């Protein structure tokens, strides 16, 4: 399958162009904070419950809150039905999302507490961990939990030998290599970095750069969503 | 398969006739109360352990006892061996039996306590949830746990287009629709009601009436069993 | 498959001859005590963690320590890969090893404590429960936990109609009957005894005697290993 | 939160005795119901997002080629699963399905199965394989009355469902071969009993207060019933009234679902 | 209840030192044994209800057509499961099988399997399928000595077992085709060691008090042994005595089982 | 022990600020590495025992004939499992695999899989069956840096692996038919970040102290990366430096592994 034609990708994007990202905050009634995100054909819902007493008790930390992020794909979010419940992949992703978000939340402000972040992938089209993490960061901000910075995320990969940002499903299936990245957009530091495939040092550096720039674009969408939610609150919705 | 011949059913019963029901109390040594019930080819054992401290602790209720009923079919109780352990059906039945029995036990008398009711289906021939609930109510009474009323149960269904009480296995397999019901026999109130199949409003009302009347007949058997156990105690067995 | 030729076994042993046994102590850094054992082609590692507070709490015994032995076969220890995790066989063996070791450890010296003994079968060639128990007893001694006596173990079985000590894998597969035994070598008492197969009373007595004598030979290897480890400590390794 | 539940329950019971509901609905009034079919249209064979007041439920339908049950050769298979996702409420826990979740899935399943909405006899693929229809009910915001919201979303998603193309003994993902035939539109309708009153479509707060509930799924017949959700009892009249309510409200909802 | 166990144990140990048992049995005396074969005769292929004193155990045999183990083509399969149902004792818990339950099942299984009671080589159905014999041991009232009660019930149920009719590659439920062939009658016999005494057939109270137990299953040979149930030790003489007891008591019980 | 972890962490951070490590290694220095291939040579198809300082890991390779994935007909299958055995550390628990163990297995798996070390397209047996390669990583003594120790042991064991003989549709155990072809030698290399310093090959104590770690598996290309193990962040320069370290140290280790 040919993934590049005249420098354009299957959906007409340039190599350094990310898909459309839309974010809406405050979409759930019960969660303390929530965000709905569309990123290309990805549809993601993130919700936050906090700060309550951590359960089970033996996981409590008297010096800070414990943030647990649960990443879950709905069975119908992919072409071939995924069995409900956590598989090994989603448990690994839950772990690295928990770590990335813990980098930025002021956990020391809530000793003994638990902060539960849910990421539900409702429709999946490659890049769901980046999309989920991006939504989760907005949901935490929407909940009013103090953060050092936001977390913004994007991936880059290799298609037909070229480095391209934000692969969609067909590119992911037929291409090779993927570098998911998440950063603190103001501090410019890395909180999530994975890679698989085959990349030379130079290819990796290019992918890293593209993913970084992609994440900065995503950051703008996050900011706009949070600002507009603040406006609507001030406007007395 | 023809289920009705000259108004008579496969086993010669009339449409409003229930199968033979026999109940014996005090059949287990360790349980605080117990009952053995034969209902047609159903064989059921119920046992009660009470009031001990509820475990696990987080399930305790400081205002009343928590009654948990566990319904279990022995692997050999049916034609095709049932895998041991709770399946989804038995978990649903455990839930509605727990609720039905909780309607009638004076739980407020035992704060913090747990009342564990076991229903073991040793041989199954349709109507096991009604049989199990009937036996469980007698076992609780046998244990001397205070109750507002008894719980008596019976089902009705549809065979060859006619409404009939207390279907046996062949009728259940080849017939359609089933309405299991449990009542407080003195207060005439409903504590369990389910239905599946296809019934018009009128058919349902007829089935409801037949099941209700069937449960009242079962009540007579329950009373007799409890009376005879009291006699034998007074007689100084 | 012929297992005996001119009174000699497949590997040239006599009927009352055990395979070579080698034991080394103190092979793990983190465990409080450890032992590595080779017994023919069996390779076994045993490690002990003690006396810490028993978890979970409800298993604590205020009058003595609770010793739990976990027997585990590595997936690659046998010809056909064994699924990881405890199966029913290894759970039964864990239970009887725990009981055998509890016979000999002065549990009363450590109320509320837990002593965790791990037995890892790295390569399996019949007789792994005897090998594991033998290694575990040395690991406990290596940890300096007070014991009434050692535990020494050996099995005997039947091959081509003759009773033989310490069957290896091919003898175990094609022979019949097996009698694993473990004893207190100084008190000459039995702490583990199992048997399966078909043996007359006389055959069993012969097998019991051979296994007992085999265990006494194993005892000598255990003692030598513990003495040499003490020497090396005194020598200021 | 347990205590909060008790207190809210008390408050609700009191205002219901005065003939009112917290959100000013009439006792036989449903909350606002929105149905968006095709929500997961790029991936799922069928889907529907339902908002019932605050309650939000997403149902997706997946279809696969599988084996029939040994006692039903040539018959398609349907299976219904519910996931009370932790995002939906602070009370939910991750882990294995529990009794509430199992009851929810089974009651919704019975309404669809017993009505014959899915004509399993038309779902044979070849001599060995049949279509397996997976109904996955994903609870996203629990504002109460999950059975109705989930049941409405499930039948809506089934009505949205396309048959995957099947060629050379394999499913061609992303290509379709007509719609899944659906024979009728079962609608579950739940009444809560609080302070001797029957109320349609209870909110989560009303569920704290309720003595019991009765769910009735109807088409032109009754297809499923379930008393549950508490230790209260029902009178004969309660049952009769609930049946009437279920048919009349079911007809209204059915128009929305089919529309 | 743990404390109660300790106290009862102490009391038992003391009276045994005086040469007595709580129920006045002799040390080598079994409790009353009743066997009712065919108890689940309408459904199970075979069954037996055993009362051994207070202990009540029901065993049912199910048979199914299945695949042989890869390393034993053409050989039937037997599997033994035990369920310590919560009805049997306040100490049992629901949940996954635990070590006690596993040991119970495996010791009973070994006695039957190793004696060759079930001739697995006669249980091939056709080139691909063999009979699978499920032995399900259901503990209903735990008055002690579950291994013997369960093992006696298991072999009794096997002797009661009918072969299901098999036609056109399928089992005809409710129709039978002769009896399951059984080659011999293995009987497990358990002695408890308390205060240096060996006692046959321990009650639950005696199990609290025992230092250890030794089970020996016999036919005309010994087929299984298991030391378990405590941290006590056995002497050579204990083992010899237990073997003698197992053969003599096994012969008595075998008559009851076969009768 | 949690407190002990904190205190050790503090101590480590302080001496690293002073430019030292507890064991006097340089920041870019590996611990002593020993590799013993064929450790389970009588049973496993391949194996290697690796000692990395205190850390001890045993990897065994099992091969079986199985079915390919539906979307990869004719392609062999590899699966990687890690068991953090309780023998390895007082902190491990028995039970289902948890997030740490899963991450460990998946990161090691990715390095091997993505590099193409196992040529799955050469592992078809016949039209239906392919070879399944099981990589079982058994952690025996956890002295830190399990990813590198496990990954090195895994590729060493693969290089040791013999193909089982396959005749008449069945595996002949104990007979061999050449070696498993291995195309390249991926080496994972982990740096820990502590007090703004990058350190190669962290010990368990250093893992208490670390802010985060970055693992990079290389052949002549980069095949896998994983940031994990803490809430710290990385700068661009950290990433660049780690990539350089991974290539240079990877080349050294590769010689040992292949030697």
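Structure notes:
By written order: A, B, C, D, E and F. Residues from 1 in each chain.
Quick note on the criterion: a residue touches a chain if its C-beta (ideal position, glycine included) is under 8 Å from a C-beta of that chain, and two chains touch if they have at least 3 such contacts.
Everything numeric in this text was worked out from a predicted model, so none of it was measured.
Contact with both chain C and chain E is made by no chain of the assembly. Taken together, chain C and chain D share no touching chain. Of all chains, the one whose Cα centroid sits at the greatest distance from that of chain C is D. More than half of the contact pairs at C-E come back, by residue number, in B-D, the repeat among B-E, A-D or B-D.
Among the other chains, the CA centroid farthest from that of chain E is the one of A.
Work out the mean CA point of chain C and of chain F, and you get 31 Å between them.
A straight line joining the Cα centres of chain A and chain C is 52 Å long.
One finds 47 Å separating the Cα centroids of chain E and chain F.
Those residues of chain C in touch with two or more other chains do not exist in this structure. The set of chain F residues touching two or more other chains is empty.
Judged by the touch criterion defined above, the protein chains form a single closed ring in which each chain touches exactly two others.
Ring order, beginning with chain A and continuing to chain F: A, F, C, E, B, D. On chain F, the positions that touch chain A within their shared complex are 97, 99-100, 102-103, 105-106, 110, 113-116, 212, 214, 216, 221-236, 238-240, 243, 247.
Residues 39-40, 42-45, 47, 54, 56, 58, 60-62, 64, 81, 83, 85-90, 94, 134, 136, 138, 140-143, 173-174 of chain E touch chain B in their complex. On the chain C side of its complex with chain E, the touching residues are 88-89, 91-92, 94-96, 99, 102-103, 177, 179, 184, 187-201, 204-205, 208. Those residues of chain A whose C-beta lies close enough to touch chain D in the complex are 28-31, 34, 41, 43, 45-47, 49, 52, 70, 72, 74-81, 84, 86, 116, 118, 120, 122-125.
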